[in-house]
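Chain naming follows the written order as A, B, C and D, and within any one chain the residues start at number 1.
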Amino acid sequence: MELKRIGILTSGGDAPGMNAAIRAATRCAIYEGLEVIGIRRGFEGLLEGDVVPLTSRSVGGIIHRGGTILRTARSERFQKPEGQVEALDRLKELDLDGLILIGGEGTFKGAWALYKKGFPVVGIPGTIDNDVAGTDVTIGFDTAVNTALDAVRKLRDTASSHDRLFIVEVMGRNSGFLASMVALASGAEYVLVPEIPSDIERLCDKLYNARRQGKTHSLIIVAEGVMSAQDLALRLKDTAGYEARVTVLGHIQRGGSPTAFDAVLASRMGACAVEALMEGKSGVMTAVQKDEMATPPLSVAWEEKKPLSADLLSLMDMLSI
Amino acid sequence: MELKRIGILTSGGDAPGMNAAIRAATRCAIYEGLEVIGIRRGFEGLLEGDVVPLTSRSVGGIIHRGGTILRTARSERFQKPEGQVEALDRLKELDLDGLILIGGEGTFKGAWALYKKGFPVVGIPGTIDNDVAGTDVTIGFDTAVNTALDAVRKLRDTASSHDRLFIVEVMGRNSGFLASMVALASGAEYVLVPEIPSDIERLCDKLYNARRQGKTHSLIIVAEGVMSAQDLALRLKDTAGYEARVTVLGHIQRGGSPTAFDAVLASRMGACAVEALMEGKSGVMTAVQKDEMATPPLSVAWEEKKPLSADLLSLMDMLSI
Amino acid sequence: MELKRIGILTSGGDAPGMNAAIRAATRCAIYEGLEVIGIRRGFEGLLEGDVVPLTSRSVGGIIHRGGTILRTARSERFQKPEGQVEALDRLKELDLDGLILIGGEGTFKGAWALYKKGFPVVGIPGTIDNDVAGTDVTIGFDTAVNTALDAVRKLRDTASSHDRLFIVEVMGRNSGFLASMVALASGAEYVLVPEIPSDIERLCDKLYNARRQGKTHSLIIVAEGVMSAQDLALRLKDTAGYEARVTVLGHIQRGGSPTAFDAVLASRMGACAVEALMEGKSGVMTAVQKDEMATPPLSVAWEEKKPLSADLLSLMDMLSI
Amino acid sequence: MELKRIGILTSGGDAPGMNAAIRAATRCAIYEGLEVIGIRRGFEGLLEGDVVPLTSRSVGGIIHRGGTILRTARSERFQKPEGQVEALDRLKELDLDGLILIGGEGTFKGAWALYKKGFPVVGIPGTIDNDVAGTDVTIGFDTAVNTALDAVRKLRDTASSHDRLFIVEVMGRNSGFLASMVALASGAEYVLVPEIPSDIERLCDKLYNARRQGKTHSLIIVAEGVMSAQDLALRLKDTAGYEARVTVLGHIQRGGSPTAFDAVLASRMGACAVEALMEGKSGVMTAVQKDEMATPPLSVAWEEKKPLSADLLSLMDMLSI
């Protein structure tokens, strides 16, 4: 089947750089002679036929914008088999020959369902959590790390002025990529991540030693998936009497203009997705593996577990002396 | 009594620009031929005699740093009459002829106690809340507003991508200056401040109308002194079924490099404080009133209530249509 | 004449906050029951009839954007009397009863010409130079100062690492507001402004003394209207053998999201301009005088000279010891 | 020879993240039981014996600071054979068993000279240009790209408001890494890099086509090594009559806090350098190759040429339609 007309949608949580990926995929497709349709509000918008044509001009001036111009939404309907059949009907009504889906694991599972029904799909990993196996990095991760780092640097000012212990809760339900990068980059004293069992005793020992060595303030980063910053503060108080201030960074980690890294990554992945469709690939994602572009199967995202670098964690531990 | 040697301390919550004020007061005093002693950790450090000489060089390279190099602390001892007598003894032991205190209302009350005992003191208003009567602005307020604004702008990306209602809790236990400036500058739909009784019904009406007029996302700013963002979310759900996402900006509002406005304000106030001491003034604060420097009595801070501009609030209301 | 339909245009150099002013004027006018027309590309677009209706929705999401959505352009045609007559015809064809013009002195002179012909006009001062007499501040000034300050802070890193002398050229053809605020806020050693004759000898003496006192690096801010940074570097080399590195900040000073101060100022001025037209005022500008809104005649902008604060300059001098 | 005491110096142009590398190397060495000496002002300071002991505490609070606390300087003396012999004497007098040198190609050549004389050295590549062969990335590059990107985004505001053509000159005497990343991340229309012969005709054609397709403003990025932005503007005017505005970003590209990427990279490289010395390696640099740490010989830096990715350039070309 010749490729003439493709759709693009974003789904799941938004991530900085999604717009840069939309722009790149659109312009690359137009460059290759294709027509491009934007589907708004993810699978829900697909079911409702909420679409807009995308042109070189209509994706101008968006490369630096946070969020996604196509918006995103949850769709309970699409979770069900009937919804997926209906989505397929919509894709055909829209006369589309391929679909590019930008999002995380949930989005990729949805894409997989369409692929299994024979529709050509390519996924682009866009999530601030970086928790998609198959690719070393996801769009939005670098920006989120830098946003969190900026916030932590501001907290340092107050922590050092007040000789205080601060606990900062960052995003990451199942993965500690964000937490560990922020901890290492900010020079935090301790980080708690979902991949490693928490050892509150050891944490308290470390805080005790830091005080003895003359550190007047300390910083702990905790991924939300481990426990809330509030709960951790209570446990530190119970275990060793430490008083900690608590900050939950929250949704600001999703926003903001993409960093250069994310804008470039999104541009490369957007173009790569179009090329993959052109080459007849389907059921794959765009990925970076050891600095090279690759297109592994979407299913890698849920069949494999992406390991956290143990090196980085031990390095952080050593450097916080 | 001739002025030869003065002390500087910071007390209460830290605010961006405190270091710029320390630098300005120090260099201005040295320029005038005075010696300068930095007292660490506020009144507690004063009681402990925790001091450091300040020179032109030792306050170099700090104008842009957040927090306070002199640190700050709570002092229960100084709250009691005996503690204040002891503090006076320390000031004499340190051979000081005057004291500059940077902080908010609590700091000014402490300064007042020393003034009542005959010791020359001048206060510099440094607090991100801007809730000090007697001066139109306090050091740190402009920076905190801009920090909160940056965060809210990031949330806008996500709010508009997900068609969501966001509630952002900003600092302000007794005052809505920060909340109302952030709301106006960010184009928020609604703001709740301690100075005005909350009207949840009216808020729900406004949200309803915004949706009807095609707004797909909305933003509410709430000062912490009104209620927590979490509680507000519950009330919106109970009253009208709205689902809101909640973000608490927290301590990041205290940190960061001072804006140009705060760096200049702090420089002017630091110099003004030294001049006031040189002119034999005591029991006063440095202040900006209608764009002019002034030195009203410290007691204005707690005897008067600084009114929120009703104009700004009604303007925000009108502009969020 | 009853006011039913007004136009808005931006002219001259763009300034951060212009969009916030467009939004405020539009929404305020709609709130008051008026229709609003946006005129693109300033007077040139007016002559060409290049217009777009403005609605509450069409000015949504622009409060934080730099530049101006209405764009701006030079118009030689409008400089001539015939052009001004033609512009008046266009305004009548467009069925407008009033015009709001956002810009600097040049824009205000154009507005004055229309006013003299009997057309109701109100000016809003928007220029990063802050060189408009009649108002204490102009929209965009605070943002430009902070942008320049951020750049200078980055240069400090390199200056102090290399023990170097840096000269930074900032905008300001006829005025030194930007230069003097940046110098004071960054802790620069020296500033050259157009309002005060340059004294290269004194500057060299000051640099010499700074070195003697142990300063290993120095920073000089020069307004472009005094001389280029390059020329100043040559003169320092000729006069005293100093080697200086040169940076010209250039157009980045015009861009970026408005600070909170500028977003709020623009909102207030946009609303004030509509109110002024509603009250039958014409030939005036919106202004801030001693922290209060005012509407002085446009002609003040070129009939008076706005003085630079001598206090700030001498303060900077004292604090750079 | 057992390793007991090592020195660290920074040389050449400063780069964001150098302090994070100093911190990491220092703490890692102390963790391993070594003593650490900081040598100030590069090779010049080494010749003068300008040193300072480094401890865990003395490198606290520097991870986020731009520049280098050890400062850097040019040394003509060290260029000569006698200077290098003298440097070796100093290293022995200082009782050092190894030296870590942070900088670019020039620094590595100096390190090589010491290595050739038998002194154990390890280089850490720190330069914003990323032009060191042997490693995929250098410390400071990511930060510089983001700094330049921020500036270009501000220029976009003005360019689009005035329908203008902007030329931005970025750093890069021999390499176009910075220019090409900034161009791709900012969505620039054209980039000129030293590695590829400039084709002004083609550039003019592209600008002409962009206008025809409705682009009202355009952005060209030029690496300083190709020609100055001013010269390019003249050539565009001569060739096709285009009027362009010119901005030279200059030294701000060297400053600022390191991004998360650079802070982490610097931490990894600092630790890796200590490990390399511990393992008896010498004459090598710390490097990242395909996302893995490696220690290739220093000489790779000048014996090989690091190629610019042709893919990225053609991608930029395609995406700027």
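In this section, contacts are C-beta pairs under 8 Å (C-beta built on N, C-alpha and C of every residue); 3 or more make two chains touch, one makes a residue touch a chain.
None of these values were measured; they are calculated from a predicted model.
J.: Taking each chain's centre as the mean of its CA atoms, which one is most distant from subunit C?
T.: Result for max centroid distance from subunit C is chain A.
J.: As a quick test, compute the distance in whole Å between the mean CA positions of subunit A and subunit B.
T.: The answer is 36 Å.
J.: Taking each chain's centre as the mean position of its Cα atoms, how many Å separate subunit A from subunit D?
T.: 28
J.: What is the distance in Å between the mean C-alpha positions of subunit B and subunit D?
T.: 40
J.: Give the residues of subunit B touching no fewer than two other chains, as numbers and ranges.
T.: If we look for residues of subunit B contacting two or more partner chains, we find 153, 156, 160.
J.: Let me know each pair of chains that touch one another.
T.: Those chain pairs satisfying the definition are A-B, A-D, B-C, C-D.
J.: Report the residues of subunit D in contact with subunit C in the complex, numbered from low to high.
T.: 10, 14, 16, 41, 65-68, 71-73, 147, 151, 153-158, 160-163, 166, 216, 245-248, 250-252, 254-256
J.: Tell me, which parts of subunit B touch subunit C in their complex?
T.: 23-24, 27-28, 30-31, 56-57, 60-61, 63-64, 136, 142, 145-146, 149, 153, 156, 160, 181-182, 184-187, 213-215, 257-261, 263-264, 267-268, 271, 290-292, 312, 315-316, 318-319, 321
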